[in-house]
C-alpha cells in the first residue's frame, strides 16, 4: 500500500542527496564535501553564501549572494545540473522595472520560489535602508523588479509557494538599520503583488540559540501537518552573534499561527567553514529542495557569511522530531 | 480684486487666534496663555500632549494623547467650542474592529484628518512593537479601527487630506523599537485603506536642529505651491534629544518630492513648559487648523512630552519664509 | 467604638502635617513650603537629598545625604524639633568599627530605623563598588559600623523595623557599578546582624513609570494588611531616567510575597525642585513618619538629587487606593 | 631525606599525567589528546566545558556543564576511572531541597570540593539573575541543594577545601546580569553554610590579559606558601573578550590578602579548540587535581566555551614561576 | 606701603563689577542681572554662549559663539563700552587666509587673548572633525586665519598671554568626534605659530564634579604664584553630563606642572539659566577680565549652552581658597 | 632597451620572493610558508605582528611588535639575512632621550624608514593615551627617541622616505582612546622633526571593506605615478572588526591629494592564520620591500594580531590594477 505523501508537491528525482553518516544521530546531517560553493566561485567574489536554489527545467537554477572584493553585496543567477556543481554568472543580475525602484544600493540574502507561472525572487534590498525587494523571472536570464514590499527596515522576506486565502503571502523579519539586536517574524498578505497589508505577528525569540532574533529561512514547504518552515535563530555571546537554525510548523490556512517549533536547534555552527569566516559562527539557511516521492530534503545554507553548505534530512523523521521537541 | 487663496480649503471663522506680539520677528509665535491643555486636564492623566484637533460641526473635536499615572499611553477624544478650552473624555477611545487588531498594547501621538466623508485617525499603535494604527469616526463618539498600515517598527503616520492620483496617501517615519537614533520620512499609497505600497523616500536628517531624525507633524495643508508640511527634527546633545520643528513644501502630485525645506527651525524649545517636563526640550506638532479666508494657521504641539501648546502663523508669510530659507 | 489602628505602632503627636489642598484629589500631596531642606543647608553642601528621619526623644533626628562641593557623597546626622526645620551637622558622621570596614569611599542614600534598643542606619556604602553599609547609634552622636550586609553591587538596603520569624530582615536592590539599567527588589534575612542569607525575590519592574527598575524606599510600616512599602520606580525616556514612587503591601510573615502593588505612581516629578536640579525629574523617598493615632504619614523624599521635599498622606485612604489600583 | 611536601594534602597515584613536551618551556603544558571531553559526549549536548572533577573512590567523579541543543545550561554528574575517559550522565542533576530554591532556571560553571565529610558543589545558579548555588553529595548520585550563597548578581563561587578560622569560605566574582564588562574577586565566610558575610576584597583587574575582569577558577590548593589559586583573566579586543588564566598565592589565614600573582598568563588561547568554538578565544579552568606525593597538578579547563581540555604542571616549578613573575 | 600686585598685568578700571551679596560665602558670585547676553541678542541666534571678551581700546571687544536657528555653530565679533551691554555683529566673522584652511565647517567656543602686538583668537574649528583653529585681529573687524594648531580631534585650545621659554604655548583637551566621554588637558608649544610640538600632559579627571573630563577655560592669568587657570569639569549623571568649573595654578615656567587644583568646584549649575536650556546643567567659562589694581576678576561663562553669564571674584581670596582646597 | 623604472629607488637583489601560484589571479599573493614569523619567535612573546622591516647592510633589519605574555605591547629589533628567517632580540628596544618622553607605557605597530642618513622608527606610543612616537637608529642597536609627533589620540604614524617641499612628512590616523570606531587619514609636515603642522585631510572610509576606518600601512613607495600607499581598511560585522588592505596613489608633491584608490581590497583575511588568533580576521600591513630593478614588492603584514605574514606583488601590475579599479 502506498504511504500518503508527506510533502505536498512534486517529486524531484535528481535532488542532491547523501545518506546519513553511520553513528550520526542528528536529524539533519551535512554534506561530506561541503562547502558546495566556495567563496571564490567567480573571480570577483569575496564570498558566496545565503543563497537560494530551485528546480529548473531538468536541473537547477538559483540566485546567489556574491559579495565582491569591494564587499559590495549583490545577487547573481546560476545554474547546475545536479544541485552541487554550480556555474554562477560573474555579472550580477540586472533588473528591468521602474527606474525609481531598480536603482541598486545593495542586494543580499535572496530567496527564490515558483508561484503559478514564474519564479519569484525576494531579497534584502537597499532603498534608503534595508527592505524587501521582489522580482520575477521565467528563465533566470531576464529579471523584472516589482515595488519593494515594505517600508524599510526589513530583512528576510520569504514568499509562500502558493496563494493563501486568495492572496500572496510573505514572512519577514522587521529590523533596524544596523546589526539589529532584535527580530520577530511577521506575516503579511497581498492581493496583487503590489500592495501589502494584514500584517500578523508570527513568532519571537525564546531562550538559548534563538534568544536574540528569529527570522524565516527557505520557502515554506507544504505538508499535511502545516507549512514546514526552517528559520534561523541568533544567540548573543560576549564575542558577538551566533546563528543556528531550527524549524516550525505553521497552520496551513492561518500561517501566523505556530503549531510546533523546535526547542533545540537542528543545525548549529560546528564545521570549520561555519565557525571561521567573515562572520564566525553562522549557519543561515535560504533554500530547501524537496522530493515528495522520497521525502528527502536538501537544505542550502550560508557558512560563516563566506561559503555555501548543503545539509540533508528526511521529512517524516524531521516532522516527528519537531513535534516531539516542540515548545510553542 | 480678491487675492487668490493660498490655503486650498475652507474658511474657519472661529480659528483660535492671537496677533503676533509687538517686537517679535519670528514667523511663528506662541499663544500667550500656553499651555492650552495642562497635564492634568483629566483626573487620571500624567500628561496630555502630541495631540490632534480638527474643525467639527460648529466647534472643534480632537484626539488626545493622555498618558495616565501608570504611564500607559492611550488616546482620548475631546471637544471644544473655541479650540482653546477643551473637554477631554476621561475614558480612552474604545475601537470597534477585528479582535486581532484592536487589542490594545499602547496608542500615542494621534493625528486626525477629514477625508471625503469621515474623520480618519492615525497613531502610533503597539502591535508587537510600534506601528501605525488607523481608524475612523463620524462623530468622535464611535470609532472603528482598520488594519495597521505597516509592519512594525514605525511612528508618525500622517494621512494626506485627499486622495492623490486616486490613492490614499501617508507619510511616516520608520523606526526601531526604542528611542530610535535615526529617522527618515517616507511616502506610501493605498488603493483601499487596507493594503499599502509604492513606498517612496521623502527626506532625511540634515545638520543642526534636524541632524538626528525628521518626521511628519500635522496633516499636510494644500496650497498652490504644494503641500505645506510641518515636521519635527531632532538634535542629539550630550544630555539627550532636543525636538524642534520646521516646515517643507512637497510637490502636489508627487509628494515625495521636496520642493522647499526650512534650513532653520520655525519653533524650538524655549518656554519653560517646553524646556521642563517629562522629556525636557521638546516641541512636537501634531495638528494645524487653517482658515483659508485669512490665511491664519493655528498649530497644536506637545511641550516637553507633558502639555499641549498652541502657536500661530500666517500662511503667506510662512511660505515666503520657507522658500527664502530653503535648503533642499 | 474605637476603630482598630491601621498603623501598628506608636502615636506621633508632633508629626509634621499639612492638610490636603482643596481641589486636590491625589492620595499624596506635597508640603506647600517644599523643599524643606535646601541644597545649601550646610556651608559645604552641593545638595541634600535622599535622606532619612525618625522620631527621637521629643523631636526628630535623621541621617542626611550631603554631597559636598567636590561632589563627594557622605552622610551627616541632624536634629529637628518639628521635623521641618533641621539643623544638620556640618561634619559627616564618623563611624567606630573594624578599620577594614569603616574606610570611607563614599556613603549615600541612608535609611534609619529603630529596632528593639537602638537606631540602625543602612546606606549605599562604597567598598570596591556600591554595597549596603550598616551601623547603629543610640544618640545620633556616636555611630558604630557593622560589616557590610552584602557583596557589591547593591543599593537601597532597607531594614524592617522588627525581626521577622526571629531574624533581622532587609530589602535591597542589587545593581551593577554604574547608572544601572535594571533593578529588582530582594529580601534577605539574618540571625545576628553579621551574616545574611535566605535571599528571596520580591518584585521586578513592570510597565510605565516602573519599567526600568524598582527599589525599596522608606522603612516598611506595619499594618494589619501587611507591610506598607513605598518604593521608587524608574522609567527611561530619551533624555535619561525619571524616578517616581508608588507603594506595595507585603505579607507580614513572608514579606517577599507582594499582596498589592500600585499600578499608578503615587508621586511623580512635577514641582520645579523635582524637575530641575543635578538630576532632572527625580522624586526618591527614603523615610516616612507615621502617627498611629491619626493615621497620618509624612514622607521625606529627594527632589532632583538636589533638595529634600516632604509629602503627606493618610494611611487608610492610601491603603484603599493601593488595593484598588493593585496590579500584582 | 624526604623533601617536605609542597601540596598539603593527599597523594593521588592515578592523577592523569603526561610529561612536558621536549622543547616546551612554559610552566603549563596541554595534554596532547585534548580535548579530553568533546562537545558531544552525551547525545543532547551542544558543548561540555567549564567543568569540575575530584578524586572519588578509586577513580574520579565530576560535575559537568552541559549546554544542550536548546542552549539551556545545566550540570550533569560523571565518572571516570582515569580522569581522561569520562562517562557523563545524559540527564542533568536533580536536586533535593527547598522548592523555592531548587527551581531550575539555569546552572553553569560548577566547582566541586571535598570538605570534611562530603562533596560540595557550587555553580552559577539562575535565580532572577545569576548567583551562586550550593549543594552537596556523598555519592554523585543524590544531590542536595542549599540556599543560594549571595544575592544576584554573581558568578564563579569557589569554596575553600577546609574551614578557615572556623568558617566555611568562598571566593566569588560579583557581576551584572549580562556579559559583564568588569569583575573583581571577593572573599566571604560563613559559620553554617547558610548565612554569608564578612565580605573582603581580594583582587581586581590589572593590565594586559587580565585587564577587564578576574575571577577564581579551581578550588584553591593548600601549600606552605599559601593557597594556590588559578584564576581567569579577561582582555577586551575589538572582537570581544579573550579569556586566559594565571595564578595567585593567597595568605593561608587571611586569604583575601594576595601574596603573589602572575603578571603573565600561564595559559592563553592558542590551540584550535581554544580559538574556535561557540565563544572564540577562551581557556577557563574550573578544577585541578593534585598529587601531593609528586607535586603533579592536572588542570581541567573549558576551551572556547565548547569542549574540555586538560593541562599539566608541577607545583614546585609553578610556585617558583609565580613568585618570580609576581606583580601584586 | 603698597601691596605687591597679585595679578601680573595691567589695571582695568572699567572692569564690570558687583560686590559679593551679603550672606554669600562662596568665593565666586554671580552677577545679579545674569544672563548678560540673552540667547537672542542678534536676530538669527538660537543661543549665545561660551564666548570670549578682552579689554579693547577704552572698552571691550569679544568673539561670541552664536548658534543660529539652523543650529549652525559660528563665531561673531562684538563690542561693549562696559563689558555688560554688548553689540554683537549679526554676521559671523569672515577670515582671510589659505583657502584650504578657512573653509568653514563650524566654529565654536572661542577664546581671545592679546599677545605682544595683536589679539589672537582660538576656537574649536571643524576640519574633518573638531580641531583648534587660530586667527588674529588688530581691530575686531579684519580677522586672519592661521593653520589649525593640531590634528583632529581636539577642543578648547587656549593660548597663554605671553611666550613661555621663548615659545607660544597652548593648553587643549584632545577629544573624539562626538560627545566625548573622556578629557585630559595637555600643553603644547610653538616657535612660530605654525608648527606645534613638545606636547606635555597637564591634568586628568579626578572624582566628583570633575570625574569625566577636564578642559581649560579662559586665558590663564599670570600671578606670582603661577598661572591661574579656570577649567571646566564634567560629571556624568544618569541624565547626561553636568559641567561645573574650578581653578588650578600652574607653574610659571613649566605650565604642565600643576601646583594647586581645587578639589571643590568654584561654580556649578544652580541658577535657572544654568539648569535649563539647550543643554541642561552647564556652566562653561571662556574668558576672564582682570584688574591688577584691585585684584578683581570678572568671568564670562556659558549657561546651559544657551546664554552668557558673568561672575565675580577677588584674586587674593581666590588663590587662598584654591591653595587651601588643593588636591593635586 | 631598458624599461623606465617604476619604483623610484634602489635595487634590492635579495628581496624575498616567490612566484605567483599558477591559477591564482589576484594581484597580491601570499608566501606559501606563512607565517614567516610565528607568535613565539622569542620565549616571552604571546604574538609578533604588525611589524616593520628594511634593507640593512647586506641583509635586513626590522622593528617588531612583540606582545609578551602579560600582553604588554612593546617593540624589539631584529635581523635577517634573507628577510624570511629572523632573529629577534628577546629584549625590547631601550631608547635614549628626554626622560619625560621615553617613559614607557606601551609601544606598538612600528614602521621603519631610511631618510637621508639614518633609520627612523615611528610607532603608536602610550603617552596618557595613544599617540605617535618617533625615534631613530643608525645600527638597530642604539635607538634615540624624539618628541611625540602629535597630541594624543593617534595611531599609525607613517613617515615618507624623503622630505617633501623641504619638510619631513607623515601620514597618520587620529583616533580615540579605545577600539576607535572611526578613522580618517591625515597628512602633516615638519621642518625639523620637532614641531608638526600644516595638517591636511587625505582620505576617509568609503563602503564595504573600508567602511569603518582607513589608515596608512607601510612607508609610501615613490613611483612616477605618485606615492604608492598600502593602507588598511576596516569593516564592522556583527562579530567585530575585519581588517583588509588596499592601496592608493598620492600626488608626489601634494601627497594629501589622492589620485587613485582601490575600490576592492587587495588582500583580506582568508588563511587560517589571518582568520584565527587573538583578533580574528585581521591582515594589517606595516612594511614593504621594493626592488626597483624587477619591480618586485614584498609586503609584511600582521595576521589575526598574532603572527607576521608575507605577500608579494609586482609593481607595474599593481599600479595598473589600482588605476583600473580606482574609485576616488
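Should a chain be cited, it is by its letter among A, B, C, D, E and F, assigned in written order, with residues numbered from 1 in that chain.
Please note the rule applied: a contact is a pair of C-beta atoms (placed from the backbone, for glycine too) under 8 Å apart; a residue touches a chain by one contact, two chains touch by 3 or more.
Remember, it's a predicted structure, so these values are computed and weren't measured experimentally.
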Furthest chain, CA centroid comparison against subunit A: E
Identity of the chain that, by mean CA position, is farthest from subunit B: D
Type of subunit A:subunit F copy interface by residue overlap (half), same or different: different
Subunit D and subunit E: spacing of chain centres that average the CA atoms, whole Å: 55
Length of the line joining the C-alpha centres of subunit A and subunit E, rounded to whole Å: 60
Numbers and ranges of subunit E residues touching at least 2 other chains: 239-240, 276, 280-281
Complete list of chain pairs which touch one another: A-B, A-D, A-F, B-C, B-E, C-D, C-E, D-F, E-F
Residues on subunit A engaged by subunit B in the complex (per definition of touch): 100, 127-129, 131, 147-154, 172, 174, 176-177, 180, 182, 184, 186, 188, 190-192, 194-201, 204
Sites on subunit C touched by subunit E in the complex: 39, 43-44, 46, 68-72, 179, 239-241, 276-281, 305
Subunit F residues touching subunit A - in the complex, by the definition given at the top: 25, 207-209, 211, 235-240, 242, 263-265, 268-270, 272, 275-276, 280-281, 327
